[in-house]
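Given below, in the form of structure tokens, are the structures.
Both complexes shown next keep chain A, but they swap its partner, so chain B is in the first and chain C is in the second.
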Partner chain A sequence: MRKYYEMMKSQMKIETAYVAWFWAGTFATVVKILILYYFWTAVYENRSSIAEMPLETMLTYAVIAALLGNFHFAGPGNQLAEQIQSGGVAVELLRPYDLINRLVWQSWGGFGMSLVRDMLPMLAVGWIFLGIQFPATGTGAVLFILSTLIGLFLAMYIDLILGVLAFWTVNIFGLRTLKNAILLFFTGSMVPVTMFPGWLQTLSQYMPFQSIVYVPVSIYTGTLAGLDALSAMLVQILWLALMWAVVRVIWSLAVRKVTVFGG
Partner chain B sequence: MIEVSGLTKEYKIALRKPGLTGAIQALFKREHQIKQAVQDVSFSIRKGEMVGYLGANGAGKSTTIKMLSGILTPTSGKVEVNGIVPYQNREQNAKGIGAVFGQRTQLFWDIPVRESYDLLRHIYEVPEDDYRESLALFTEVLDLGPLLSIPVRQLSLGQKMRCELAAAFLHRPAVVYLDEPTIGLDVAVKQKIRTFIKEMNKREETTVILTTHDMGDIEELCKRIIIIDEGKVLYDGDLQQIKERFGQKRVVHFELENKAGFAVPASLRDRVEIVPKADGEAEASNTVSLSFSSRDLSAADVIQAVLSVHSVRDLTIADPKIETIVKEIYERGV
Partner chain C sequence: MIRYSQLYWQFFKKHLKVMMEYRLDFFIGVMSVVLIQFTSIFFVKVVFDQIEDLNGWGFYEVLFIYGVATMGRSIHHIFFDNLWTIGWQYIRPGNFDRLLIRPINPLFHLIADRVQQDGFGQLVIGGLLMAAAMPHLGVEWGPVNLLILLVLIVSSGAIFVAVNLFFATLSFWIVDSLPITFAAFNLSDFARYPLNIYHKGIRWLLTWLIPYGFTAFYPAAAFIEHSGYRELGMITPLIAVISCWLAYRFWKVGLRAFNSTGS
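This part shows the complex of A and B:
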């Protein structure tokens, strides 16, 4: 366990290795949030609510969702795919650790850094200047944190599925673009899932993606509360367990393929 | 320590017909050819031995090493390293081995070397005291002091290789595989690396398997060599013996003022051979290479004889190359 913790720490060191890049990330987040703010203010110019959501709730949703959505584009699967393409994965297999676990822990390191770099400062800015609401209740805040963590785990494992596929396809650029588009839409990081047309909402309910952003953010805004929130989190956990199992199965197939056929 | 018997690895290679038609055909129907990368290789290496594993490019060296380290499963045959079957127990095996691949870095690209080592310490669960002691020793022998705080991406090749080597030995593995550890390095760095490997072997009785194209590495480090060609073991035994038998062939390259009238001097006739030009070499160049056996001639004799007849601008004496020896063994048999 200790070694994975150390890997997480080393990822945090790597994230700070390029200072300009580090601050550029913060800058990009500021711009993104300002755009969201002006966009939604303009949309609400002549009306007081959309899909029963007043402007404050919508802004809160949009900003928190944008902050969470930041993590879903460069995940552990991306790193794995790069290692497969460069052949570096052979060296990884020489090490006494589980590569999947390592990648997941490294991603948590990245998350930790990002928490300090963008999330907390942006939340503060949002609270103070943009009129972002606080979580509806104390329980809501706790559930939001838990649900966010589960959602991130889920996002990582979905990303890893794509990464492992690189053992067969080598180049996963096309798949990744598709996945990013699907994630952007179906996780609810652009607009809340409740704003989708009915049939799309139903479809979304049977996919794992809304567990990544929509569920935690809705818990934050109070749209999901009490028993609804708990059952949404149970669904999150079920999806996580399923994705975990899928990754484990295809990973062991991939390792067998590499070790038997030589890549 | 390392037991290998009847080790065989076959690869399936997809065959493609040339051109666009071939590319389209390959989308629907693929033909495969089976390539035997390693065929029926057997050897056994004792604890503390340093063995040179030699062969031309593509002879099957890396494939063997990959099977020994557990990242390739053999098609048939038995491997055992330290009492463990590597491909069945990859992680277990990984704890007891170290490796350097000359072409591939194992350190973290973006963070200082020291941080990489610190992470390796946790990965291999090396006790704090042992780690400190090893690091102090490595820093001294490999002269790592000034490098530890620099990120790997800013190191030169020689500096990086020294750091890589230290990383491979950090957890005091019982077996270390070195795949061309001195490739592309200058003489001073090569020497440091050789000294370090020798030192580790002496102190820790580390078993070392070394693949290289540098005869100097082999001569300084290994008493025993295994030569492999096209996946088969051609020779397994004493280095000295094989050098006496095959290493006498020497070559002198002359750069002449004018090649046109060149003839082998009378005193050397039948005792030297003109080496044919290698493929890429310009036919027009004014160089002539003579090969001879050091049993019947000394290099000095050859040079003197040529100098007395022709005007020579420059000359070099080539050391016997491993490739030459391998080729000769292949042609003549052991």
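This part shows the complex of A and C:
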């Protein structure tokens, strides 16, 4: 009997490990949000608005942008790079589905789960305890959801470009970190793009990154509304189409390369 | 003591050889850390472009806190990084038993088993931050002050090590305490900003329970005339000694309670 008892105990330890990671992640997010809250409250101590945003709007922006930003560090590109480096991609190519589409839809699955498990509870906490605002208007709420989805698609395809590069370079780790640093800043997950110095704002306008976080969150806070919001979303869609095309082109080039080397 | 330092030197030489063998990886690792750190500094810069002070703390003073935090972390990161891996690399696969039969202190062996090269990136950026901030603090940087600064930075590193050692020790009972260690480590992010922006409870927690406040804010405040925490800053070395002693006692208790996973 004793050995079965030990087996039961070991399974319990395995389950605890998953639960522990969940709570550790939640705890980390809470700490991050608390720091944002106190930091911005202190920043606004002697002033009522910064870059034309009052404290409530800034807090709302900071918390929602930080929550959205959480998703951009684990994308489908990572899995693709792993498949390429382990050689598993050769088998994947034989299977009756498109590998890129498979990875993208798996990422959506992951996103759906973490939306329910991490993001909504955190939002509820923010709404109740930190004075986070609701979307300015009903239309704003709908546009925010659409814009967030487009932004996530865009982030996935940018990630996939890096993933495909693993066909040519062995050391994908450095590229990923570079990408993460760029994303962290230029998407606007730390501060709204409107707070950047002028030249950086201009630069940012010609890059796809602000479409990932800044645009959806600004629609949420109401900074982007009406025609501005719609045109920003049009830009999002154009970037998405472009990145989609880039991924398709380099992917087909890469697949040809695999065939040349005989798998 | 002499024997241990000679031993550490032998271990260190071995790690150095590995690093030089993979120069590109070393370089990429260092660069990636520098980049990630750089984004958060840029964040502070962008915010301070809009405001003059944060609760009475100027830009260079906040930069100085960041610098102390980064230097302290780098000590911990370069030399004591292996504490993170005790659960999944030593205890779970049964590797810890190997350390126990060696004729040296198992904790020493664990620590000497790894030198984390990425930490050198933190050291570089910490140094740059300090160099940028120090001339603007209105402090005469004579030899005495520099010596005090050095002692405080080493103490900051020691506190990081002590807290991690404490939580890593839990692995002796639950196989892998990594999620708990990770969650606790997140608290250190609080200390990168002046602690007086936070709620009393948080400040108390970071001062007397998990003394991360002494890894950055208090030691930096020791040099700043108007901080009001000069005395508290000066007891940083004392806090470091006490935390290390407590953590080591706890480690001893854990070691005695340890049963191998037996694989």
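Criterion: the second predicted complex is superposed on the first by the 241 of 263 C-alpha atoms of A that agree within 3 Å, B and C clash if a C-alpha of one lies under 4 Å from a C-alpha of the other, contacts with A are read in each partner's own complex, and residues count from 1 in each chain.
As a working rule, a contact is a pair of C-beta atoms (placed from the backbone, for glycine too) under 8 Å apart; a residue touches a chain by one contact, two chains touch by 3 or more.
Here the structure is a predicted model, which is why all the values come from computation and not from measurement.
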In the superposed arrangement, does A:Arg95 touch chain B (first), chain C (second), both or neither? first
Of chain C and chain B, partner touching more chain A residues: C
Taking the superposition as given, does A:Thr139 touch the first partner, chain B, the second, chain C, both, or neither? neither
Touched partner set for A:Gly87, first chain B, second chain C, both or neither: first
Answer with first, second, both or neither: which of chain B and chain C does A:Ser231 touch in the superposed model? neither
One more residue to check, A:Lys13. First (chain B), second (chain C), both or neither? both
In the superposed arrangement, does A:Gln201 touch chain B (first), chain C (second), both or neither? neither
Touch test for A:Trp23: chain B only (first), chain C only (second), both, or neither? second
Chain C-contacting residues of chain A that also contact chain B: 13, 17
Chain A touches which residues of chain C in the complex? 24-25, 28-29, 31-32, 35-36, 38-40, 42-43, 46-47, 49-51, 54-55, 174-176, 179-180, 182-183, 186-187, 189-190, 193-194, 197-199, 202
Tell me, which parts of chain A touch chain C in their complex? 13, 16-17, 20-21, 23-24, 27-28, 31-32, 34-35, 38-39, 41-43, 45-47, 50-51, 171, 173-174, 177-178, 180-181, 184-185, 190-191, 195-197
Using the touch rule from the top, collect the residues of chain B that touch chain A in their complex. 9, 11-12, 37, 63, 66, 69-73, 87, 90-92, 94-95, 97, 99, 101, 104, 106, 108, 110-111, 115-116, 118-119, 122-125, 151
Quick one: in the complex, what on chain A touches chain B? 2-3, 6-7, 10, 13-14, 17-18, 87-88, 90-91, 93-98, 256, 258-262
